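Let me begin by handing over the structure; questions about it come next.
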Amino acid sequence: MSVKKVSGNKSVSYARYGYLFILPFFVVYAIFTLYPQMLTIYNSFFEYYRDGLTIVGPNFVGMKNYVALFTKNSSGYIPLFKFLGNTVWLWLLGAVPQFVIAMMLAIFFTSTRLNIRGQQFFKTVIYMPNLIMASAFSMLFFALFSQVGPINQLLVEMGVIDKAFNFLGVRVTVQSLIALMNFLMWFGNTTILLMAGIQGIDESLFESARLDGSNATQVFFNITMPLLMPIFIYVLITSMIGGIQMFDVPQVLTNGIGTPNNTSMTLIMYLNNFLGTSKNYGMAGAVSVLLFIITAILSTFVFKTINKK
Amino acid sequence: MSKDINKSARIKLLISRIVVYGILIFLAFLCLFFFYLMIINSTRSNAQLKTGFTVIPGGHMLENFINAWNDGSINIPVGMKNSFIVSSMCAVLTTYFSALTAYGTYVYDFKYKSLVHIFILAIMMIPAQVSAVGFIQLAYKYNLTNKLWMLIIPSIAAPSVYFYMRQYLEATLPLEMVEAARIDGSSEFRIFNTIVLPIMKPAVAVQMIFSFVGSWNNYFMPALLLNKAEKKTVPIMIAQLRSADYSKFDMGKVYMLMLMAILPVMVIYIILSKSIIKGVTSGSVKG
Amino acid sequence: MKKLLSISLALLMGLTAVGCSNSTPSNSASPAPAEGGEGKVLNVWTWNTEFWGFLGKYYADEVVDEYTLKKGDVTIKRTTYPSDDGAYQNALDEALLNQATAADDDKIDLFLAEADYIVKYTNSDATMDVKSIGVTDFSNTYQYTVQAASDAKGTVKGVSFQCCPAALIYRRSIAQDVIGTDDPAAVQAAVADWDKFNQVAADAKDKGYYMIATTNATYRVYSNNTTSPWVKDNKLSIDPNIEKWMDQSEEFVKNGYTAYTSNIWGDEATSEMFGSGKTMCYFGPAWYFNFSMTNAQDKEKGCFGDWAICQGPQPFFWGGTWMLAATGTDNPEMVADIMNTFINNEEVCEGLVKNEAQFSNNQKINNKYASDPTFGNEFLGGQNDTAIFAELAKNIKFQNVTQYDQLCNEGLQKYFTEFLDGEVATREDAINNFKDFIKNKYPSITVE
């Protein structure tokens, strides 16, 4: 505050620079994000798609696209719900171990009693998958786990199985592989963030708890966890927002069709399908609007945690 | 007695250390194992790959590299060139303009200043996919598909990078410094470019790396926007391997292509891992 | 703030409305060839490099690189998109919709299309009458290839450089073991209809072999013998013969007659083509040998020469690559020249048969080799495949085709395979998944 007072009088004459400096951001944002967003919403009220070389629409249809989104398909379910459910489930499968293990590692790394050596090495290694191109990682898993791939060769050679197993055709294994990839890509990142959170807690609190005779479990639940909560929630919700956008890994692994039986089809894959052959801007727009609502709700939580600080 | 307690405590510590190191080594193994397989397989010929699994390299690395480099349907040199253009341009633009915007809302007082700040925070979490439909529609309408700049220019408006820069400025830039420069007669842009940017170097460097990596790995938007062979970026080509009907018979080449796709980022990571990991942590100031 | 937002929103909506109103496709460019000489760039669109290779070898003066050829002072450029999931069609549609406004050197001049979707292009203004540019002699081509390249009124829009009668391709050594002979006539007698075929499959199983590498291998045989199109009056229907394929596939999986249930192009199925493979039968036309059986031709691990062909349980044709002339081309003369070269230039057609193991679209040349007792295909142990294909070509009918066939064929196989793999409970569920897939890809089609 005191700093602002110093510049108080003069800064008035500099106001135009403020506008000038933020101008590029807002111009670009308006053209490349805001306008397309509006257009997306606008589209969602129109019938507008390709049928080969014919363009159908745009014809105003009101809420018809939304109604269609909530209508049961030939298989007798509402695709939107099923794919949203898939997305949440796939996220959970990866996120639960991700947070449990990350929390564990964060405690290991920050424990003065354990005094882990080679922290830099371990951190470097566990963070690495986060930087790998998700589509390449997924393609790698596809190649490794295909029926003629090295994992099957290895299992057959070791006598674990006698015939190649179709990892990519079975729900349990496909979902597990997606979860494993998401886990590997994110647990290092989460570990580092939670570690920073724990390190931010006043050391004297731990000290006094130990003097009171608390054991490790008590320290964790009475001191670490409550004080870590804001950061934990922040990391959790950003992970959720990331999870809702899950695309690259299942898309490449299942070649876009969410094998088997659409059980690994995520919300964004569903959206992406509308943008392929049919260029169905109407339906894709409606899916986007719902995606926007979901992330908006989640974002409010993030927003609150940020603003608290 | 006290010696015994000491001893049992030490044994307990030893056991827990063994368990902890065991877990760490297992997780590290898990992280490296798949990449190890990829690297090994990229050195083996297609015939070797079909015969079975080994842990030793196959000696066909150069051959696979040449095959991958010259592949007719997956033009990886062009892909890497495109990816490099997009990623480096994004890295430069996103950091420069985010710093500029952050500086704008931090240093200057203007009427809607706090509104602007809150607005940027509010849009931070909206996923890119929400604007994708409209974006693609516009791109097709104005014939702007297969233009790399369509992926580059939008990076100027990056709310989360802005947020990071703003945090950094708050922590490191005393406004007196700006005042002093003004008294020296420097223009506002000069102050930003010659005084503020150098101060922000660490933040810029970290965000440049993350931005570069992010663009290098980005798949969703480029895949919707680029379909011409000579405009494709690496992730699209890699995903194409998955659906390529005829061309993927040489698995040695396929592993090599994947290796090439992730190699640039890996090299950056190996050189800068320390500051990257630090960057992740300082990013948590967000929380 | 709220007010500001609503104003800008309204403004934007207005903008959009204006923008949308003029987005009708403009494809009314006149089919008349450009006057004042030919363009300097000829753009060819393909989904693979098969035809491109022949163009370089038999037509161009010089192969500059993988994407560029030279003929006289004209540069021939290739644009390629993968076929899978309709990617090639999507890109082509987009380019054709923008053809009128594209610069001359960017305009598509010649593009390739497959039987699965060729009607979409022949029945549109995006292709032009090739008779008007000088392709007039169809006396030696196979009738169905001309019919396929014609629109509903009979205007011919392109030609094919190949004719694609397909056959059953079998491993001689395995046939010896299972049937007791590798003589094509005897093998044909043993697999003359599906019942017999299934019986041989049981025998093969007893001897430790697989009849087919994947259940999808027989798909094209069934789908090419349907009595109704996939889509009629915008309604999707599944032909009884497709149902029969499903029956057979289910049976084969249950009895272990098939090695895999995977994609026919994938690593799993093609790995069976190596010498160490245990699979007896494949199905395909002449292009299949070179194009899809590279594992069988592998020098170290393949089984070159251990193959032969016979008609199989049902005659069928599969694929075929047509070149269509794009409306708006600035190189009509060269487009016509290329088409004439690949159907009427006897030297070129002979080259295709002799050197490329193709079955050309020139009856005279094909018949010449068919009746030549010294002519044989080494890959097939010296068998004269041209003779068999010449016989089979007589029966080909181009019927029940729609522009939606590629994704219908791909989709049905993908989703039915999930049922075969036991991941979808019933056949109905698999079919429903398929219907939802089609509905998503083609909003104009009603499913039930």
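Going by the order they are written in, the chains are A, B and C; count residues from 1 in each one.
Here is the rule we go by: contacts are C-beta pairs under 8 Å (C-beta built on N, C-alpha and C of every residue); 3 or more make two chains touch, one makes a residue touch a chain.
On a predicted model such as this, the values are computed, not experimentally measured, just so you know.
S.K.: Starting at chain A, figure out the least number of steps needed to reach chain C through touching chains.
M.R.: 1
S.K.: Between B-C and A-B, which chain pair shares more contacting C-beta pairs?
M.R.: By the number of C-beta pairs in contact, the winner is A-B.
S.K.: Which whole number of Å gives the spacing of the CA centres of chain B and chain C?
M.R.: About 40 Å, centre to centre.
S.K.: Per the centroid of Cα atoms for each chain, what is the distance between chain A and chain B, given in Å?
M.R.: Taking the average C-alpha coordinate of chain A and of chain B, the gap between them is 15 Å.
S.K.: Please set out, as single numbers or ranges, the residues of chain A touching at least two other chains.
M.R.: 35, 38-39, 42, 148, 255-256 - these are the residues of chain A that touch more than one other chain.
S.K.: Which positions in chain B touch two or more other chains at once?
M.R.: 50, 140, 243, 251
S.K.: Tell me, which residues of chain C touch at least two other chains?
M.R.: 23, 85, 90, 267, 271
S.K.: Per the contact definition, I'd like the list of chain A residues that touch chain C in the complex.
M.R.: Residues 35, 38-39, 42, 46, 49-56, 58, 73-76, 79, 146-148, 164, 166, 169-171, 255-257, 259-263, 273-274, 276-278, 280, 283 of chain A touch chain C in their complex.
S.K.: Considering only the defined contacts, which chain C positions touch chain B in the complex?
M.R.: My answer: residues 1, 19, 23, 48-49, 66, 79-85, 87, 90-91, 94, 98, 101, 265, 267, 270-271, 274, 291-292, 294-295, 298, 300-301.
S.K.: Over in the complex, which chain A residues touch chain B? Could you list them?
M.R.: 3-4, 6-8, 10-12, 14-22, 24-26, 28-29, 32-40, 42-43, 101, 104-105, 108, 113-114, 116, 120-129, 131-144, 148, 150, 153-154, 157, 184, 187-189, 192-193, 195-197, 230-231, 234-235, 238, 241, 244-245, 247-248, 251-253, 255-256, 268, 271-272, 275, 279, 281, 284-285, 288, 291-292, 295-296, 298-299, 302-303, 305-307, 309
S.K.: Using the touch definition from the top, list the residues of chain C that touch chain A in their complex.
M.R.: 9, 12-13, 16, 20, 23-25, 27, 85-86, 89-90, 93, 96-97, 120-121, 124, 126, 260-262, 266-268, 271, 403, 407, 414, 417-418, 421, 423-424, 429, 432-433, 435-437, 439-444, 447-448
S.K.: Help me check something: in the complex, which residues belonging to chain B touch chain C?
M.R.: Against chain C, the touching part of chain B is residues 47, 50, 72-73, 115, 140-141, 143, 145, 227-229, 240, 243-246, 248-249, 251.
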